[in-house]
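What follows is one structure encoded as structure tokens, with my remarks underneath.
Note that the chains take the letters A, B, C and D in the order they are written out, and that residue 1 is the start of every chain.
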């Protein structure tokens, strides 16, 4: 394991200090916690949008803190959901009485910890709503299982719910937007090489020189299927064909596309991949309102990418276009 | 070699298509060339800022094309300067008669190819000025050698010269700003692992599991010194101590800081690194006007980072703060 | 045979010893079918438990377990944090104000199982730590003896039984059939908890 | 002995053959002290040269070299593109309208050396391709024979002499003392150019 770190035990606290010291005018760390909040939190007469999760997904989630997006990001250990007390701190630091929306990625740990935090917050009289993002089509969805994972589509939930909150939406309205995004966003990922956990120095899975892992999540865990690496176009086609069907798009429908780098894949390759995605969408007559290419929801230094497609309606389009001051999602 | 590509011979053209298809509202490719220009080029009554270089540095340079930054980015093969005829196309597509500033990174190949392009453009009656960025303090500077390399500091030249051009500056004024930035910007980089050339599938250098390459450039070539990897703090200290002296900063001077990921290093580590940089600057009483952390001038999937410090005066500060619509540098 | 507060502290210290020693093994198990952090999570949490318990005096078992629960809850995170936190919290509530004999302990484990199911929205047979806790309760309610070795044996065989299961909850569920053939990491750490209890009871 | 237009085309085709065959070797040399692309750059450029020359008729050597120059200029990029482009351009200009005998060829190489120095802002002894072109001119101006084998020998020993030099220009310059002990890639590719010429002259 070769990492630009000091002691792996200090990695989260040092990262958080490094983030806050980069953007001292727009964010601050709630003292003694792993919460990064807008400098001006709690914002008067505004619903707060709070998210977070395990670390190792940078710029998620702290990079999305800022006017027009998140009010707070709560950081857990690497790939480990933050604990309820930390989430509670994020809630308390951002609620001005207008209520708080928790945006949770659908992983057992995250769901349980946030649920407990919500219980604690409600017992302190704070109005809390939760949404659980489950955009990953690689995982089978059934009421008897854990259900789908929440992956890069979460970034759209942050952006659009954040924009609604900034526009003065009520807690119910902000949650409504988040629900709408969740219902209309689908993703799937592929890995070319695993990431290395800083704590153990071990890779999450092994891949031969000519193999890819289809349907990976964002925690270094193995994916759904190991296959031969053929070409960027083949992979783009496979991901697109998996992501699109449930959105039931008709020609003339508008979408937003995110090609998200998992960490180590050069942007050059993301664009080669994007080329094919855009061709497929164009062939189907689907109109792309906006394309976002870059690293948004990473998995440390995993190589690979994910494709996210969000079906837009007029309100979602407007919210996507709205300004954002979050350092990792400026608009 | 494991890359998300199709045929390595098509990688540049497919990447360019992928970029343009991501931002069809703001850029276009000049047909039959490797030039990406602002959609509205040539912009009326505006000096054009044209840059480019070898590919493999994404988002540099095409990601910086947009209102307030570059008018054109000319792409060469991977790590190979574009040819004079391509640079000429970029110049011709963006000049409206107000003149063109070429921003060149100080590599023999780039300097020669751009020089020849400038000669060709002048022979066609276009007013062209050139600046050569040489911010890399790792390399000795002497009139008997090739001189210092141009690395991540180039992004500040793009931003500030671009802002000056957008503000209506004359060619001399835009060049003046670029010269001012070049005189006041210094960088140095470190690699934890090499990148793999897509054409040959070979790494540019070898590093043992416990070694780092200090003073690397951005083309996969070896650096100045191979050392043991100690800690992020040690490396941050070494880079900072090398970058600062020539800027002759006094307490109360203001700077902009860029912590630039080389490709594969997780953002988490960039922030751990940034933490130490900020501490050192704060201890010296140097005021940081803005910090930028992320991938701006990469070297494919090299692991590592570079530190760039730009000393600001009032004009540079204002130009840095000015809006930019470039997808990789939104303000 | 009864468990007193001092023994309860020893139980937790012994658990921590085992977890520290097996941290890499637990992470390796989690790497096979999860995200590879279970050992790290548990080691961080139980070290904090030992540190906190060592610095305080406790009147009864319930107090020890309560302190354990809150410490785990704020130190572990992930799935294991809320689950172990809930299990110890339920055991603390059930043992409040009473001596911990075989019957009380059976009730404590019953409450823990209830808590786990509720918190994890899960059942037996889904290849989770419930597959250690629940069979243990089944065995405990059949006997009035507080038999450490028996507890260890049942926890051990239950833990082993998770190997053949297909996960439908937790991260391992994403692997579906591929999760078969691997032990569930949370069941293995749960086994250490009961192995530590067994040793504590046997030492008296 | 003179070089005619057909031979000049053959010279370039032979050069391309060698470059294609040695492309990996050239890139390996460039990897040692540069950025590892010299073979790729040259292979791309000279393939284009062969493709263009094969499709046209040429009246004189100058025309062949001019086409070669412009093709290299627009296909190679990097440092080698402008340098080789300039060298061939200068040779084309110097040979315009004349037969290419030993004296003319000496003048052509002289002009190429001048061009390389100006374009590269460099001199002999800086571990660049100039260290093959310049000694070759020194030798050519001393003789009135157009001797292929002699040209090959001098190009070869000059190329080898770059091994002990310390680079002060080009990418290798960043390595300073570390550049010693490695052949300069551009000098090796220049050797292939003259080896190809030598073979062309010998075949007649």
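To be clear about the criterion, contacts are C-beta pairs under 8 Å (C-beta built on N, C-alpha and C of every residue); 3 or more make two chains touch, one makes a residue touch a chain.
Owing to the predicted nature of the structure, the values given are computational and were not obtained by experimental measurement.
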Legend entry - Touching both chain A and chain B (chains): none
Inset, instruction - Would you kindly say which chain has the C-alpha centre located farthest from the C-alpha centre of chain C? - result: D
Legend entry - Inter-chain centre distance, chain A versus chain C - centres from mean C-alpha coordinates, in Å: 32
Legend entry - Chain centre separation (chain B, chain C; CA means) in Å: 54
Legend entry - chain B residues counted as touching two or more neighbouring chains: none
Legend entry - Contacts with 2+ other chains: residues of chain D: none
Inset, instruction - Sort out for me which residues of chain C touch chain A in the complex. - result: 24, 27-28, 31, 34-37, 39-41, 44, 73-83, 119-120, 168-171, 173-176, 178
Inset, instruction - Name, in rising order, each residue of chain A that touches chain B in their complex. - result: 2-6, 11, 14-19, 21-23, 55-56, 58-59, 63, 192-193, 195, 209-210, 229, 231-233, 235, 259, 263-275, 278-279, 291-295, 298, 300-301, 303-305, 327-328, 330-331
Legend entry - chain B to chain D touching residues, read off their complex: 54, 76-86, 107-109, 112-113, 115-116, 138-140, 144-146, 149, 197, 199-200, 202, 204-205, 217, 219-222, 224
